[in-house]
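What follows is a group of structures, each given as C-alpha cells.
What follows is subunit A paired twice: with subunit B in the first complex and subunit C in the second.
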Partner chain A sequence: MSKVAAVPPSPLRAFWLKWRFHINVLLLLVPLGFMPKYFADAALFRGDAGIGERVAGEVQVGPWSLTLAEFRNEGPSPDPAGPMKFFNASLCDTCANQVKATYLRIGKPRSLRAAGVIFFGTPYRMGAALPIPERTPADAEVWITMEGWDGSMHQGSIPLSQASPATIAWLNKQGVKP
Partner chain B sequence: MSKKSRSKLWFLVHSWLALPIWFFVLIVCVTGTLAVVSQEIVWLANPDIRASKPSDDAEPLSFDQVIAAIKRDEPQVIVRSIIRPDESHFALSVGLSYPDGRSVEAYANPYTGAIQGISPAFNFQQFTRALHGWWLVPFTNGYSWGWYLVSFLGLPLLASLVTGLVVYKRFWKGFFRPTLRIRHGARIFWGDFHRLSGIWSIWFIAVISITGTWFLIQAFLGDNQISISSEPIVPVIAREKVPTSAPGVPAPMIPLDDAIKIATQRIPGLDATFAFLPLNAYSHLQIGGRGWYPLMFQTAQLNPYNGEIAVSHLLSDRTTLEFVTESMRPLHTGDFGGLWIKLIWAFFGLVLSMMVLSGLLIWTKRTALATLNALKREAKAQHKPVAIPAMQAETSEVHR
Partner chain C sequence: MTLMRLTRACGVLLLSAGFSTVALAHNPMCECKEIPGEQIQCKGGFSDGSGAPGVTLDVIGYDETILLPGKLGEDSTLTFKKPSAEFYVLFDAGPGHVVEIDQADIQPQ
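Coming up: the complex of A and B.
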C-alpha cells in the first residue's frame, strides 16, 4: 500500500466521497424542468386551448369556409418523408354535413385527384401534415380544396406567410430568398 | 485470476451497477409500479370511471346503443372511438369530439350509455406512464432522449440480476431456507431482505429487464426506420368505393354492431372490445380485440359504407419474431389478464423498488461500519498506513 493513502483526504475529496453516489438525485431536475411543457402539450392535444397554438384565420372555400390553425407555432418538423408542417382546422358550423373531404396543398391543384393531403378528424377538429419542400417560394399560397357529397369541388387559398409565418422563417433559414 | 478474487470482482460489478444511479433507478421503479395500477388508483379516486350498474339485472349496451345514448344526451358531440376496458368494473372509454375543438376521453356507463365525466386535464394514468416511460422528455424528432435514458436501465438491471446470482453462492438454497434476521441490526436485516426478495423476484427482474431492453431496441429500430412489422399498410378507400349522395347528405354507413358481427365472423375467437370510427370519408372503420393469445390484439379494417373488410391483422398473420416482440409491452406493463396480474406486477414492482433501496442501505451501512473500523485501527497504529475503507467494505460480502 502506498504512503499516499495515509494522507487524510482533502475536504473536497471527502465531500466527493460522501456525496458521489447521490449526485444522480439531480436527474430529477429533468422531469421537473419538462413538466410545464408536458402539461402545455397535454392541453394542446386535448384542445383545451382551441384547435392549435396559432389560429391563422378563416378561409372561404366556395360556399363553405374553415378556420385554419397551426398546430404548433413553429416551422416544419423533420420526418423521414421530408419536412412536415401540421395544420389543424375546423369547418364552419353549417359545413359539417356538407363537406365530404378537405385537402391541403402548396400551390393550386389542377384537379381533385391532385388536391394534396387529406384532413383527418372530425369537422370540429381535423389535422393534416403538409409536406414543405425545402425550395418552396416564400410567396407560395396554401390551397384548400373541399369536396361535397355530390362530387362538387370548391377551392380557396391563403398565403403561406399568413398560414404560417414560422414556416416562412424556416424557409428563409434554408436559403430561400424572400 | 483466483476464484476468490473473481467473485470479489463480480461483487464490485454488482455494487457499482446501480449505486451511482440509485435514485434514478428507484424513481423509475416506483413510477413503474404506480403506472401498473394507475387505472385502479383513478378508479378509487374518481367515481366517473366506475361502471355502476343501475340495477342488478342490467345488461351492457352494444356499441351502437352507447353511441345512440350519447347522441341523445349531446346531439352535437361526435364519437370517435369506443374502448371496452378489460375489467368490467371500469366505464367505457369513449373518444369524443366537441364543437369547441376539444378532443377528449370521456367515461360512458356501459349499461346506460350516459357520459359520467370527461377525463380531467391532469391525467394521472398518462402522467405516471410518461414519467416512467420517458422521464417527461418530449418527443420532437423520433423517440425522446428520455425514452433512451429510461430504457437503457434494462441493461444494468439485467446485469444486476446475473451478477447478483453469481455472488450469492448457492442461491437456490434460499428458496428452502428463507432467512430474514430481524434482531441482528439493520445491516444484517437489509442484507437478508435484499437476497430473499432477490431470489423470489428472479422471474420478474428477468421479465422487466428483458422487456425494458426491448424498448431500447425498439427506439433504435424506430429512429433508424427499420421495421419488422408484418402489419399491412392500409391505403385509403378508393374513390369509387365511397358512394356519392345528394348534396348535404353524407353517404350512410353500416351500423357499428353489424361491423362487429362481420369482423367476428372473419376473425374466429375475436372478442371485439374496441372500435375506431373512420377518420374521414375515405378512411376505414377499425374493429379489434383479443383472441386466444391474451398478449396481442387482432384487428379488421372495414369499408364503413358496405362492410367489406379491406385488411385484417390476425394472430396467424404474425411472424414468430413478432409474437416475441409484440408480447414485450404487455409483459412489461402486466395489463393482459385483469386485476390479479396487475396486482402481482405491482407487488413485485414494489419489491424491486425496495431492492434498490436495500442495496443502497447495505452499502451505506457497510461503508459506515468499515470507516469506523478503519478509524479505530488508525487510532491503534498511528504509523501504519490505512487501508482504503470503501474497497474493503465493498468486498466483505464475499467472505460471508
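Coming up: the complex of A and C.
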C-alpha cells in the first residue's frame, strides 16, 4: 500500500470529492436565472424592443416632430456631473433629412447656445443624457430644440410628468431642495 | 489551483462587466463659487475626471449680452469680477456640451 492512500482526506476535501460534479452542474444553472434580463437588455440595446422601455409620445416641434421615449422606465442614474436621465428619440420620417441637431433641456432654453444636451445617433434612434437638477419642480417642462440644415430653429415642449413619471417620482422622493 | 485561477478569471470578468457601463459618457461639469472681493471663481471639467483648460466660459446677462467672454486657464478655472447686472455663467465645450449656472446658484464659499 502506498503512503498517500493511507492518509485520510480532510472532511472538506472529502466533501469536495464527493459533490464536485453536482456543484458544477449547479454552477451551470446559475446563468439561467439571468437569461430573461439578458435577453430583455439585448432587445432594448438592439432596438428590437422599440426605442426605449417606455414611449412618452410624439412631440410637435414646429414643422417637425419626434417620438420621445425613456430608455429605462426609472429615475435618473447617479453621475459625477449630477443625476442623469437617459432619453431616446426618433425623428419623423420626413424630417430625418432636414434636421441637423436636436437638443433636450429642462425648462425653456435661454438661447440656442444653451439649448441643453444634444442627441447622438441616427435619426431613427438617438440618445441623450439629460441632467436633472435637484431643484427641478414637479411641473417642469422638457423642451426640445431642433436646428435645421437650412438654419431654422424650432422648439417644442412636453411636461416632465408625461416624459418621465419615474423622474417625477424620484424628485418627490428626494424632497424639495431649498 | 485550477479552481483558484478560474475564480480569479471570473472575478476579473465580472469587474470589467461592471465598469463597462460606468465609462460610457463624460459629461461636462462646472462649479462656481463667490470668493472674497466680489469675485467669482468657476472651475470646469468633465465627469471622467479630466480638466477643461482652454474651454470657453462666458458670463452672459439675462438680456443675452455677453458680459465677459472668457476661457478657462491651465488649471481649468476662471476668476472674474461679479457683474452688477443679472447674469448666468455658460460653460461651453461645444454644441450640446454646455453647463449653465444661474447667479442664484452661486453661493459664497
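We adopt the following convention: the second predicted complex is superposed on the first by the 145 of 178 C-alpha atoms of A that agree within 3 Å, B and C clash if a C-alpha of one lies under 4 Å from a C-alpha of the other, contacts with A are read in each partner's own complex, and residues count from 1 in each chain.
Assume a contact is a pair of C-beta atoms (placed from the backbone, for glycine too) under 8 Å apart; a residue touches a chain by one contact, two chains touch by 3 or more.
Small disclaimer: the values here were computed from a predicted structure and weren't measured.
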Contacts of A:Ile118 with subunit B and subunit C, given as first, second, both or neither: both
Touching partner for A:Arg110 - first (subunit B), second (subunit C), both, neither: second
Subunit B or subunit C, by number of subunit A residues touched: B
Which of subunit B and subunit C A:Asp150 touches, first, second, both or neither: first
Touching partner for A:Lys173 - first (subunit B), second (subunit C), both, neither: neither
Subunit B versus subunit C as contact partner of A:Met35, first or second or both or neither: first
Partner chain in contact with A:Pro131 - subunit B first, subunit C second, else both or neither: second
Subunit B versus subunit C as contact partner of A:Gly50, first or second or both or neither: first
On subunit A, the residue positions that both subunit B and subunit C contact, one per complex: 80, 101, 118-119
Contact set on subunit A toward subunit C in their complex: 79-82, 84, 101, 103, 110-111, 113-119, 128-129, 131
List of subunit A residues in touch with subunit B within their complex: 1-3, 5-6, 17, 20-25, 27-28, 30-31, 34-35, 37-39, 41-43, 45-48, 50-51, 77-78, 80, 90, 93, 97-98, 100-101, 118-126, 148-152
Partner subunit A, residues of subunit B touching it in the complex: 19-24, 27, 78, 80, 97-104, 121-123, 126-127, 130-131, 135-138, 140-141, 146, 225, 236, 242, 244-251, 279-283, 360, 363, 385-388, 390
Subunit C - residues contacting subunit A, complex: 25, 27-29, 46-49, 60, 64, 88, 90, 92, 95-100
